[in-house]
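One structure follows; several queries about it will come next.
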Amino acid sequence: MSTPSFPTSLGTSEGTTITLLGQDLATDLMGQVSFGELAYWLITLERPTPQQARLFEAVLLGLADHGFTPTAIAARLTYLSAPDSIQGALAAGLLGGGSRFLGVTEDTGRFLADVLAGLDRTPTDDAGWDEVAEAAVRAQREAGRFVPGLGHPVHKDGDPRTPRLIQIAHEEDLYGAHLALFEAIGRTHERVLGKRLPLNGAGVSGAALADLGIRQELLRGTVLLARCAGLLGHIAEEIRRPVANDVYMSVDRNAVYVDPSQES
Amino acid sequence: MSTPSFPTSLGTSEGTTITLLGQDLATDLMGQVSFGELAYWLITLERPTPQQARLFEAVLLGLADHGFTPTAIAARLTYLSAPDSIQGALAAGLLGGGSRFLGVTEDTGRFLADVLAGLDRTPTDDAGWDEVAEAAVRAQREAGRFVPGLGHPVHKDGDPRTPRLIQIAHEEDLYGAHLALFEAIGRTHERVLGKRLPLNGAGVSGAALADLGIRQELLRGTVLLARCAGLLGHIAEEIRRPVANDVYMSVDRNAVYVDPSQES
Amino acid sequence: MSTPSFPTSLGTSEGTTITLLGQDLATDLMGQVSFGELAYWLITLERPTPQQARLFEAVLLGLADHGFTPTAIAARLTYLSAPDSIQGALAAGLLGGGSRFLGVTEDTGRFLADVLAGLDRTPTDDAGWDEVAEAAVRAQREAGRFVPGLGHPVHKDGDPRTPRLIQIAHEEDLYGAHLALFEAIGRTHERVLGKRLPLNGAGVSGAALADLGIRQELLRGTVLLARCAGLLGHIAEEIRRPVANDVYMSVDRNAVYVDPSQES
Amino acid sequence: MSTPSFPTSLGTSEGTTITLLGQDLATDLMGQVSFGELAYWLITLERPTPQQARLFEAVLLGLADHGFTPTAIAARLTYLSAPDSIQGALAAGLLGGGSRFLGVTEDTGRFLADVLAGLDRTPTDDAGWDEVAEAAVRAQREAGRFVPGLGHPVHKDGDPRTPRLIQIAHEEDLYGAHLALFEAIGRTHERVLGKRLPLNGAGVSGAALADLGIRQELLRGTVLLARCAGLLGHIAEEIRRPVANDVYMSVDRNAVYVDPSQES
């Protein structure tokens, strides 16, 4: 059998040169390109313009930390049990990045893209977008499904990240179809659902990333990269001011044994 | 028992405000602070100066991707097997961030810090640093231990990331004791070890991060954050141009069964 | 706010007694109950009969190891990179237990359960089961979906685990509706699909676990428990006779750099 | 470059045969060998005698579940966040299997082995073992180190798993040097440390596994296999009676924001 070959367009290493994304890592990238720009470039294989970089980094900032989320607690509990292995604590935190909490960005991006894919023509004004949005919300409701990106347990009257990302998108001339549809959902959902919900930060991030050209399968990965920084912050804090053992103790001390025969 | 409280200095969320690191996330941070700056801030609880940010982001860039490392291969194999769960693929890649390959940055940072901690006075010139460095290398050799940060299987004549980070450190006036000692090791090790080895990029990163004030327990975590971006790039590439199944097949097809009774 | 309580029916610890599943761990379980029996009991909260235990343990054996699977390779690569952290290597291996390869057991269990749930009456003979099975296979084909549990890249003429598990199920009087439907699919699919495919071991395992009363959400978890033993065997072998570095080298040396501008 | 080969002694698959550990999986193993026996065999490449199997399975039972440990809580929090990916929840739980809580078995096994390796002659009676044990405890204390295997936060007057495993070891004629030394530590430590501590279950498990021939690097892995079953039990319980969201809420609601400027 012939020797397989494994192509890659990310980077190579030889002698005294390291090439990354077609550039000389040391002379062209280090000290000139930010980590957020590099991340965008690694994901899309395209160098971001300064405008794209600004919006992308703003999205990452909005997603990096959310306090004592299940993922942050899991990371801190794992660091408590295995302080010799910080990679385990980070990994454990990221593993909570699934459908239930972190999935909103991906779900919103996919939902908006699906609606857009079904359009014959792209609307040209708010009224046109409102029509599309209202129909989409109605279809979700009839199918018994939630509209991703709507609602937030804390920021019921508005998630501050949403207007900020929309503002940056406009400033950088990157306001596209996904964001337009998302805002239209914000304007029209109340008449369908009967209540006013905020457009949440995870959802607007999905719209912004989609308008930035990030493909659907990588929306969640982008959130995870942002969250990696937040988790590192939590682990740093756990080292400086540990709370994980208190979390553990508060659960263990309040554990109540229920005889298995009482299980329904 | 009283209700426990769980202090955190990272962030809070209320109503229409999200606070992160004492700042209003939407108005003070998003669109104004880069992701790399935020990461530094989350880790140290101190806002980086533009100089610190430049050096920190350069370190992250140098560590983000190294081609088909065991971690990148593991991430791609996991994505192949579980494409529905990108968080698993990222986590699997990060879990390889242990002592053997990714540990150099942490080992170097700790080694340099240990040597510095044992000094009565900080040297003031190259000759002073050379004396300290040569003694440290000699001590390692006598103890049968390697000097972390020295050597590279590919860049035998010099790792291009090293002079670049040192240059940036000088440009930003952040060249400190760890970097000074590290360079001195570069100048003096040959007379002790009998061969000339390059100062590698992972090692100079440890020195730079230490001079940036990143504590020892978080050096590896910083490398992992950088690597998270690289792994996302690999997963993105796996989606565009998959190779993991070829890796799997090349191992499976070349598997040779050895009867257990032949095991020594 | 009141103190929360956290109920559990698994176990408690006090003074000189440890209770697990309502039993005294030391005097009633250790030395009397096998690990496989305990696993069944922990999953279902019901003590298995000797018959259930025999079938359940046979399922675990059939799923424990499959050679150099992507998961085994990932575990070995992670152990290579982080030998100080065996928990990372095991975790990395398990993280590949997703939809693509390890999902067959769960997919088959769910598929069979869905078909059974749609029946007005349970068939009473082979002819009755054949009718149900043929209709189910036809429906899958019309919907453009594969029938889970059918087919195997290696065991094209028959997976030896399938007749063995069916035989044990008969021996232990545990042959139930899921297994009956699964065998009927084996008898009837050829006339619908136009080709003869084997009933694979992962699929019959799903049928057997379902007939053992393991709920759908835990089918994949059961496979992962089995695989945990196999992965430990691979890590043990990696310590005795390492191959992971050869895997890494064979990929790295055959890496081919493709300029990003050539990406489609 | 020549094609690499990847030797393995675990298993092969061809046509209608699957070989595992030199046996025909379907006809020789399934339905005849327990999962615990297979695990021992996979780890050591030796088929356990019925005596070895009984002791090994008893060790696994003693280690499988410990209630709401940090690892069980982390697994449940991860399942809450990512119910679509049970492999992530299991992995997150296992990742806490590091030095702090789960490390006792490995630490004890290594400690006992180190002491035994330094002996000129193996003691032949309790008095001989007591002398060795007392010296070892004294050496640990002088070095400022704890004696692994001694002490337990709950079972201060005796961990019930310890006498039970020792009893089974005697019953199966597997009581060896590690267990003898461990019991001698139990008899003699008080005169050195000034307080009476129990020989804990994790520690006696390390001694028993060492006497069973499990090598040091795999002691922790064995504990993780046992814990895998316990974690599956926790995830099963989380599905039946969820508590993870209450854990999350109890932390989040009791989070207290501390201004970063107040950090020491």
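Letters are used for the chains, namely A, B, C and D, taken in the order the chains are written, and counting of residues starts over at 1 for each.
We adopt the following convention: a contact is a pair of C-beta atoms (placed from the backbone, for glycine too) under 8 Å apart; a residue touches a chain by one contact, two chains touch by 3 or more.
Because the structure is a prediction, the values reported are computed rather than measured.
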item	value
A-C against A-D, pair bridged by the larger set of C-beta contacts	A-D
Farthest chain (mean CA position) relative to subunit B	C
For subunit A paired with subunit D, centre-to-centre distance based on mean C-alpha positions, whole Å	37
For subunit A paired with subunit C, centre-to-centre distance based on mean C-alpha positions, whole Å	31
Touching two or more other chains - residues of subunit A	1, 3-4, 6-9, 11-12, 45, 67-68, 82-85, 87-88, 91-92, 95-98, 102, 240-241, 247, 250-251, 255, 263
Chain contact graph, described as a line, ring, star, complete graph or other shape	complete
List of subunit D residues in touch with subunit A within their complex	1, 3, 67-71, 73-74, 77-78, 80-85, 88-89, 91-92, 95-102, 240-241, 244, 247-248, 250-252, 255, 263
In the complex, subunit C residues that touch subunit A	3-9, 11-12, 19, 21-22, 45, 82, 84-85, 87-88, 91, 95, 251, 254-263
Residue numbers on subunit B that touch subunit A, as the complex places them	1, 4, 6-18, 20, 24-27, 29-31, 33-36, 38-39, 42-45, 54, 57-58, 60-62, 64-68, 83, 85-88, 90-92, 94-98, 102, 154-155, 157-161, 163-165, 167-168, 171, 201, 215, 217-218, 220-222, 224-226, 228-230, 232-237, 239-241, 243, 246-247, 249-250, 253
